[in-house]
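So, here come the structures, one by one.
Consider the two complexes below, in which chain A is the common component and chain B and chain C are the respective partners.
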Partner chain A sequence: MHRYSFILMRPLQFVPVVFGVSLITFILVRMIPGDPARVLLGARATPTAIANIRAQFGLDEPLWLQYLYFLRNLANGEMGMSIVYRIDVLRLIGTRIEPTFALILCSVLLSILIAVPLAALAARNQGRSIDHAIRFASTFGIGFPPFWLGLMLMMLLAVKYPIFPVSGYGETLGDKLAHLALPSLTIALSLSTVLLRSLRAAMVDWLKSDVTTAARARGMPESIVFWRHVLPNSIAPSINLLAVNIGWLIGGTVVIESIFALPGMGQLLVRAIFSRDYMVVQGVAMVFACATVLVNFLADIATVAVDPRVKL
Partner chain B sequence: MSGRARAKRVNRTLIAGLVLVGGFALAALAAPLIAPYDPIFQDGTARIQPPSLTHPFGTDNFGRDILSRIIYGARVDLQMAVIGVFFPLVIGTVIGAIAGFFGGVVDAVLMRLIDIILAFPFLVLMLSIIAILGPGLSSFYIAMALVGWVSYARLIRAQILVLKNADYAVAAVSLGFSWRRVLFRHLLPNSVAGSLVFCMSDAVLVLLSGAAISYLGLGVQPPTAEWGIMVAEGQAFLSQAWWITLFPGLSIVLLAFGFSMIGDALGEAMGVHE
Partner chain C sequence: MSAPLLSVRDLSVVVRNGEGEQTLLDRVSLDLAPGDILGLVGESGSGKSLLCRSLVQLLPSRAISVTRGEVWMGGRDLLALGDAQIQAVRGAEIGMIFQNPSSHLDPVMRVGDQIVEGLRFHRKLNRAAAQEEAIALMGQVGFTDPARQFAAYPHEFSGGMRQRAMIAVALSCDPKVLIADEPTTALDVTIQAQILRLLMELRERRGLSIILITHDLGVVAQTCDRIAVMRQGRVVEVGDKRDILARPQHRYTKALISSHPSMPTDEANDVVDDKVDAARLPAGPARPLVEIDDLHIRYPLSGGVFGRRRSFSAVAGVSLQIRAGETVGIVGESGSGKSTLARAMLGLIPISDGHVTFDGASLRLQREATLTKMRQQAAMVFQDPFNSLNPRLTIGQTLAEVLRVQGKVAPAAIPKRVDELLRLVELDPDYAGRRPRQLSGGQCQRAGIARALAVDPRLIVADECVAALDVTIQAQIVALFQRLVRTMDLTLVFIAHDLAIVRNLCERVVVMHHGRIVEEGPCAEVFERPREAYTAALIAAIPDIDPDRRLLAPPGLLAS
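Right, the complex of A and B next:
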């Protein structure tokens, strides 16, 4: 079998997981006490709207049939209407994907920029005080609540020294990036503590490996040994670590978007919880779960691409 | 590094962690004795006071003493961390042990369930469950128990899978001991070390999640003193009164640091790595 043939096979394994995800989100909303039609449409629903939603979701049918209705609607790209926004939940989420996606992307890039140099510095000075200081900082940093860190950065870099905008999202690309700076930095600082540990451990191992000893024996300068042999080999485990942490990362965006008033999916979720817009809660949870599955799949592809020895 | 130097460093880390967590636990227990003020008493004459001798950490917009609120807050935040770890630990251990021991269909079904739960971002699933149950501390505990067990189940299952073929387990089975006795008396005690170390890093996660959920307004409700809520309450006064937000956040950082250090030290001492 070809190394990359898993790209065709793996999605088959996702099918039960995605079904499970839809089942759990379905059950979540049906667990709310009261008439589901009233719950989904809010207190001020008209009788016609209630009749419509009863027909669309088969609310008078047994539960397993309701689930099939739910799946049929999903297949048609319909999850139901948001009570607050009065449009279909999937379309609503579509308008909110960009800020969340950009936030996650910027956070990951920024955390790599922070973690790689520090991990290299620590690994190359293993056992010295600079190594201890960096490891201490990463253990300490793991306990920083992102919501508090975000507020502290906001106070410092947006209020006291107005370098970055306080909150919101821009119109143009440059404006958007300026608004993303502080939220991404907040998440990146938290994420880089985890990344730093794994990178440092991998680098320490590779610095002691036969490959690097052989390279040194050939007279290769230490810096080239590091850039050519140690760094590329140490990255592979961290790609997986990032994928495993994508769920945590998405959780982080939920809180951070709420603080910085970024109009993304996380902010949508929190507001939907307060306004009892259950269709939106259901939709966001489902889209986030599918995104997590997709990211793990992409990480598998990346791992295979980076390391020729890996077979999945 | 020599073994002795390493052992010394591990000991130092463990003691530092225990001192931090123990300190907060003592403060929580002795809160009425050591807190200088009532945590929810609103002193109209002392609103938004910067740190001073009478109010070491200042006061908030209702004139409540921040230090006293932090000391009382330790009760709630420690309780969140302990209960939020305890139920997932127990549920996950039992489920993981059963899945690993029996294998077959039971194992396959439970593992698929774990895959599905892990597909959801942790905080998103927590928030969705809390959305259904309604805001509050008990909703947080229920959501935590429903979501958090999966990590423990996976850890224990992996251990049991290996250990059930160990000589002593095979001997116990061939002696005719019941499966309960073999599983819970022989296998389980030998497989919990990894989970107990994981408890400490999990406590950090639970503490941060609990505080974040309270910060969002979906956990502990005001006027209860809790660090996440205190941060949220200080947010509106960020530019004029930094102390309302700074000190509760620092308390979370320090308690989390204590848990992390205990976890690191135990992990190194037991030879368990994450």
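Right, the complex of A and C next:
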């Protein structure tokens, strides 16, 4: 499969990307004003105690040496010790990655489930009232900020009608899914509108295309014309849109995780920034960056899979 | 004539827009006999395609509707059928193929699966049987390795093979009538000949009746039994092919026949004396205006990190001299490198190897100086008149822009010069205020020529500039070029895949194949006595308007 050979080659390009990301986050984090040792020990700490902590975490070394240590640790699968939690950052992230990952996965699946049928319904009834209704409703999804939408959903579906738990994260799978329902729905309601608009536009174009004329001319019923010819052709442009939005989501779960008290990476990041926990900020930023690169890589694979003309 | 298989009676179609109704088809009546090929001829906008789509209720817009008439087939009126019933007619009884197979085939579906779709739906075959039948069908329409090509996607095929795939898709539903809507317009002459031969063969083998929509009377003369001529939504003339071609009654049919750029017959050739031809060649200055020496243009094919670098030679070692005042035609099939050569000639694409010299200045040695000189003395006319004009500018603005940049005309004199230019290309000066969208294709191309003339050039390179136009318009544009070349001191390089037009317009012809010049010489000589088999095959593939001059090209030559 020559067309897919990029799957083997592309990861080689990740190496310089990850290297660059590590350098940039390393420098940026250290440009934040404030001293982690001072934040850790409080306002009344003695200069000796602060110097001890700084020596213990290597903060008194020159920057370039700190960066080399960081790279050496990275090569050993460590990201350094968290100043606050006193465990390795990678292990710390390991305990927090699941809720964030699950939240993003559920949100994306949910928005696809919302967007595809509605886009199909709107496109096939282009210009009729149902099309207008769907497009009108979708402007709300774009217009309402997610934090407000999240609060409203919480009020409605957790407080007034207690179908879903208010906040937090569960232990068993079912419990976890129940806790993820509202935050996922919040994200999906805004994400699906973006998808819906792009899908509908593509479907409307393809419904008028020569391909559909030809399919109708050989007597194919509308359902075959739509699901077998229009839909597969309409997906391609939305894949990259989705990838860009997931990239944005990875950094943007912070707000949603805070509202629903999900113990994910967004929460971890916010706390780490406040406590100047350099190693954690650095680690989370790197994981986010790698995840974004990975999502785009998956999007490339998906694009090649749906459109045989694309070569990467 | 036996009882018609399909009979159209008094069909009228209108479009309703803001201002009211406009008649698109006006009481059209036609008959198609079993096993017949009916040629439907007329210009774009005459309603040929609409007529055929109306037969199966496939109207292109909700605003368009049938107001009266009947379409009888198999003892019932197709226009009276409901949605489900007409769906069973589409494809299964009346199949269609289209002008542009690239856009009518599903790009993300394997070619074989598109054939299987029809077989499964209309003939209710199971997956395995349908696949077997699809492979057999692909073989019938001329795929060389159907079992392997089954799994290929449309973009992996050439234009001719895509049209074959389109035909196989249409045949998969086993129709009695095949409507072929300009099936060969987008193809090279040699490929056109193959596709037409395939259609004739299918008619013989499957007893198919065909409605062939075309604007090329040559195609009709070669393939059809009967002709219907359409103009402005009406059938103005209908009858046996030979009757109509020999004794056209309607004024419009006569105009169509006279504007067909057919090759002169043998008797006509005798009139063109070789000596006269040779004498007509300009003695010219010693130094040619354009000199091309061992020109190579290569494009990189694959450039992976570890992949071997390969390249494709679009132009492979071409040497050509063009003297001032000459009219040179460059012909060849698509992919032969003629457009690449033209672009390289004007410094529009980088040269890989060799030299292009314009009026003594070498594009390689003094690039900047030569380009400046070229931009002041040479201009190009493009294939697509709409897309090569800026849609946001009026024609006047487009022309004025060129005049301003060139600086040869004083700013105050620009409006006057714009008027002059428009008159020169036989457009009313009022058109200066219009935008490309408000013009017809022919008018747009005139504007494109006016833009080239605005440079006040010594050299014009016209790249397939009539390929997108109707025949009657083609003839007008060619006449315009003839007049311009005669009255102005112009050198013209005219690129076309249509040999007949080049024959009419040019003094010298250059035949290209696979990036090389295979033959060149005075037009009359090359066309009468081609030295190369390839040139002979190209000439033989032109459908002549005389039905007795058969498409002779032996298949072996075309495949090379």
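Here is the rule we use: the second predicted complex is superposed on the first by the 275 of 312 C-alpha atoms of A that agree within 3 Å, B and C clash if a C-alpha of one lies under 4 Å from a C-alpha of the other, contacts with A are read in each partner's own complex, and residues count from 1 in each chain.
Simple rule for what comes next: contacts are C-beta pairs under 8 Å (C-beta built on N, C-alpha and C of every residue); 3 or more make two chains touch, one makes a residue touch a chain.
Computed from a predicted model, the values in this text were never measured in an experiment.
By the document's definition of touching, neither partner reaches A:R86: not chain B, not chain C. Once chain A of one complex is fitted onto chain A of the other, the partner contacts of A:R44 are absent, as it touches neither chain B nor chain C. By the touch criterion defined above, A:A214 lies against chain C but remains apart from chain B after alignment on the C-alpha atoms of chain A.
Counting residues of chain A touched by each partner, chain B versus chain C, the larger count belongs to B.
Look at A:A289: by the touch rule set out above, it reaches chain B but stays clear of chain C. The touching residues of chain A, counted against chain B in their complex, run 16-18, 20-21, 23-25, 28-29, 31-32, 127, 139-140, 142-149, 151-152, 154-155, 159-160, 246-252, 254-255, 258-259, 269-270, 272-274, 276, 278, 281-282, 284-285, 288-290, 292-293. Listed in rising order, the residues of chain B touching chain A in the complex are 1, 112-113, 115-125, 127-132, 201, 204, 207-209, 211-212, 215-218, 228, 231, 234-235, 238-239, 242, 245-246, 248-249, 252-257, 259-261, 264.
Contact residues on chain C toward chain A in their complex (touch as defined above): 53, 56, 58, 60, 87-92, 95-96, 98, 100, 103-109, 117-118, 121-122, 153, 155, 166, 169-170, 172-173, 304-306.
By the touch rule above, chain A contacts chain C in their complex via residues 5, 9, 12, 209-211, 213-221, 224, 228-229, 232-233, 236, 306-309.
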